[in-house]
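As structure tokens, here come the structures.
Common to both upcoming complexes is chain A, partnered first by chain B, then by chain C.
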Partner chain A sequence: MPGPLQYAVWILCSLLEASVVVCAIRRRAFRQYFFLNLYMASEFVASAARFEIVRHYGFLSLTYAYFYYYSDALLTILLFLALSSLYSEVFRELNAERYVQMGSVVLLAGTALFSFAVVHQSFTSVQPSGKIFFHFVLEISQNLYFVGLVLTYILWAAILKLRETRTRLIQLVLSLGVYFSLYAANYALRNLYPSAEVVFVVLNPLIGCFLPFAWAYAFWKLPEEARLAPARLAVSHR
Partner chain B sequence: MSKQLAVVAASMFVLVGAMSLKSAVTSKDSGAVLMANGGAPTPPTPKEWKLNGGAPTPPTPKEWKLNGGAPTPPTPKEWKLNGGAPTPPTPKEWK
Partner chain C sequence: MTAAIILVCSVAFLMMFFVSYCRSLLATSSSVALTQEVRDVTGITSDIAPDDFSRVVQLLQLCPDRPEERGRIRTVSLYYRLLGVLRSTISGVAPSLKSWADQERAQCGYFAAVVLGQRIAFSRDLLAQQMQP
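Showing the complex of A and B:
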């Protein structure tokens, strides 16, 4: 059962998720970063629904487990779409949005096919279809997560290469990269040291708070017009 | 056409890279499932789930053990509460 600290982190995270959408609306950035806001709004709704399920059925119930994993898969797909929208934003001036959209669809379909192939391979014919579907949901969620991780770093490299100067956009992409990296590190350490699993399980929701916090900060503190001075142009004082 | 092919090739390259990274990270797989959205506490993974590579198997009710091998087990109350969650079918061995 989650303790008071876990509940506090959970509520804090949900409030931060809602604050991202509120900040984006207040700063008139909701439409420009629609998929980011859609993801955060969905996170908030999923969080509220999970809370209700825990309250009604209990933390150890299968209902919570199933809802948690299914909703997580949907949220990961939305996060993937949010990342694709960041790609579109970065490559807008190159008129490459069409190719970005095409790449997103191909990648999503490829990941789904790969996940299905892995699940299909590991299951025998006597397994029920419902179980295969659940396993597929878990697999695609995790695979999309790693695809997102790689894509974020490629986007960061593109931002450096294209000398992108929009501060808010850079902040959004960088925080996404840190968020993915923190989860990957946590997951890797959890696999390496199963004896200390309790620590890493507690860390998981805390890491979950990082992204809404960073995005809320980006929308609230950084105006759309803010620009970073490229290193080459920066004046150095002797 | 070449641009579209380049997009497909780049997508496949990313997919291969991501799966390689996943293999590297999960090389010492402890049965943990990576979940990365929000602050909700991750539900515990029962031991039975780990045996199946992550896919959760509903726990075997006590009644099943009493029944030997033959008849269909009664549906526990908890199962009715599960809404859309798939109910486990009877394995072939029981027949």
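Showing the complex of A and C:
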């Protein structure tokens, strides 16, 4: 069962998610960054639904486990769409939005196929289809995080190459990069040290708080007109 | 094996994104000029020294806290500490890294001084509101 601290982190994270949407609406950036806001709003709704399920069925119930992982997979797909929308924003001036959208769909389908192949291979004997589907949901969720991390890195390289100057957009992309890297590192540590899994499970919601905090800050504090030279941000020293 | 590779890659990506993110936070304050009041309070006359950050943060803690700044200051403090570790370890091998780390630490100090200026202005507004009948 989650303790008071975990509940506090849960509530804080949900409030931050809601604040992203509120800040975007107040700063008239909701439509421009629609998928980012859709993702944050969905995260908030999922958090509220998860809380209700814990209240009714308990934290250790099968209902909660299923809801958690299915909603997590859907949220990961939404985050992937949010990342694609950031690509569209960066490549808008090159009129490459259509290619970006097509590329995203192909990559999403490719990741789904790869995840299905991995799950299908590991289930050699006859298994209930529900169990296979549940493992597929877990697998696609994890794989999309790694694809997301690599895609964010490519997007950052494109921002530096294209000399993108919009401060808000740069901070949105960089915070997404930090978030994906933290998740990937946490996932890898969980696999390397299974005995310390309790620690890494506790870290998950804390990592989850970083992205809504950074996005809320970017929407609230940085005007769309703010500009900076991206060459100043690259990790290099002279 | 796969998990170890993922860990190494993700830590490398994390460092790169974190440093760039912190530099983007610092860049937003670099265009703001320091007021004479902040210069008087901090004792900064011309350029900010790499070690000024800790001193300015101590002064920051004396002013009323603004919740929206807390996360930014924590992130930059973490970056400053990271630069300190880098300076005292790897810089022996690569001296150019030492001057880069010092330049970045001075930028952190400038960021803290800008935030201090904002806090002083905020405190003054707060006081003015309370003084109103």
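Keep this in mind: the second predicted complex is superposed on the first by the 227 of 238 C-alpha atoms of A that agree within 3 Å, B and C clash if a C-alpha of one lies under 4 Å from a C-alpha of the other, contacts with A are read in each partner's own complex, and residues count from 1 in each chain.
Note that in this section a residue touches a chain if its C-beta (ideal position, glycine included) is under 8 Å from a C-beta of that chain, and two chains touch if they have at least 3 such contacts.
These numbers come from a predicted model, not from an experiment.
Colleague: So, A:174: does it touch chain B (first), chain C (second), both, or neither?
Modeller: A:174 contacts chain C only, not chain B.
Colleague: After superposition on the shared chain, which partner residues are touched by A:76: those of chain B (first), chain C (second), both, or neither?
Modeller: first
Colleague: For A:222 in the superposed arrangement: first (chain B), second (chain C), both or neither?
Modeller: Once the two structures are laid over each other on A, A:222 reaches chain C alone.
Colleague: Of the partners chain B and chain C, which touch A:213 in the superposed model: first, second, both, neither?
Modeller: Touch status of A:213: second partner only.
Colleague: Can A:143 be said to touch chain B (first), chain C (second), both, or neither?
Modeller: The first partner, chain B, only.
Colleague: What's your read, chain B or chain C touching more residues of chain A?
Modeller: Greater contact footprint in residues on chain A: B.
Colleague: Looking at A:187, would you say it contacts chain B, chain C, both, or neither? Reply first, second, both or neither.
Modeller: A:187 contacts both chain B and chain C.
Colleague: Can A:43 be said to touch chain B (first), chain C (second), both, or neither?
Modeller: first
Colleague: Could you look at A:205 and tell me whether it touches chain B, chain C, both or neither (first, second, both, neither)?
Modeller: first
Colleague: Could you pull out which residues of chain A sit against chain B in one structure and against chain C in the other?
Modeller: Touching chain B and chain C on chain A: residues 146, 149, 180, 184, 187-188, 191-192.
Colleague: Under the definition above, what is the set of chain B residues touching chain A in their complex?
Modeller: 3-4, 7-8, 10-12, 14-15, 17-19, 21-22, 25-30, 32-44, 52-58, 78-79, 81-89, 91-92
Colleague: Any idea which chain A residues touch chain B in the complex?
Modeller: Contact set of chain A toward chain B: 2, 6, 9-14, 17, 43, 46-47, 50-51, 57, 59-66, 68-69, 71-72, 75-76, 79, 99, 102-103, 106-107, 110-111, 114, 122, 126, 128, 130-135, 138-139, 141-143, 145-147, 149-151, 154, 180, 183-184, 187-188, 190-192, 194, 197, 201, 204-206, 208-209.
Colleague: Across the complex, what residues on chain C touch chain A?
Modeller: These residues of chain C touch chain A: 3-4, 6-7, 9-11, 13-21, 23-25, 27-28, 68, 71-72, 96-97, 99-100.
Colleague: Mind pulling up the chain A residues that touch chain C in the complex?
Modeller: 146, 149, 152-153, 156, 167, 170-171, 174-175, 177-178, 180-182, 184-185, 187-189, 191-192, 213-214, 217, 220-222, 226, 228-229, 232-235, 237-238
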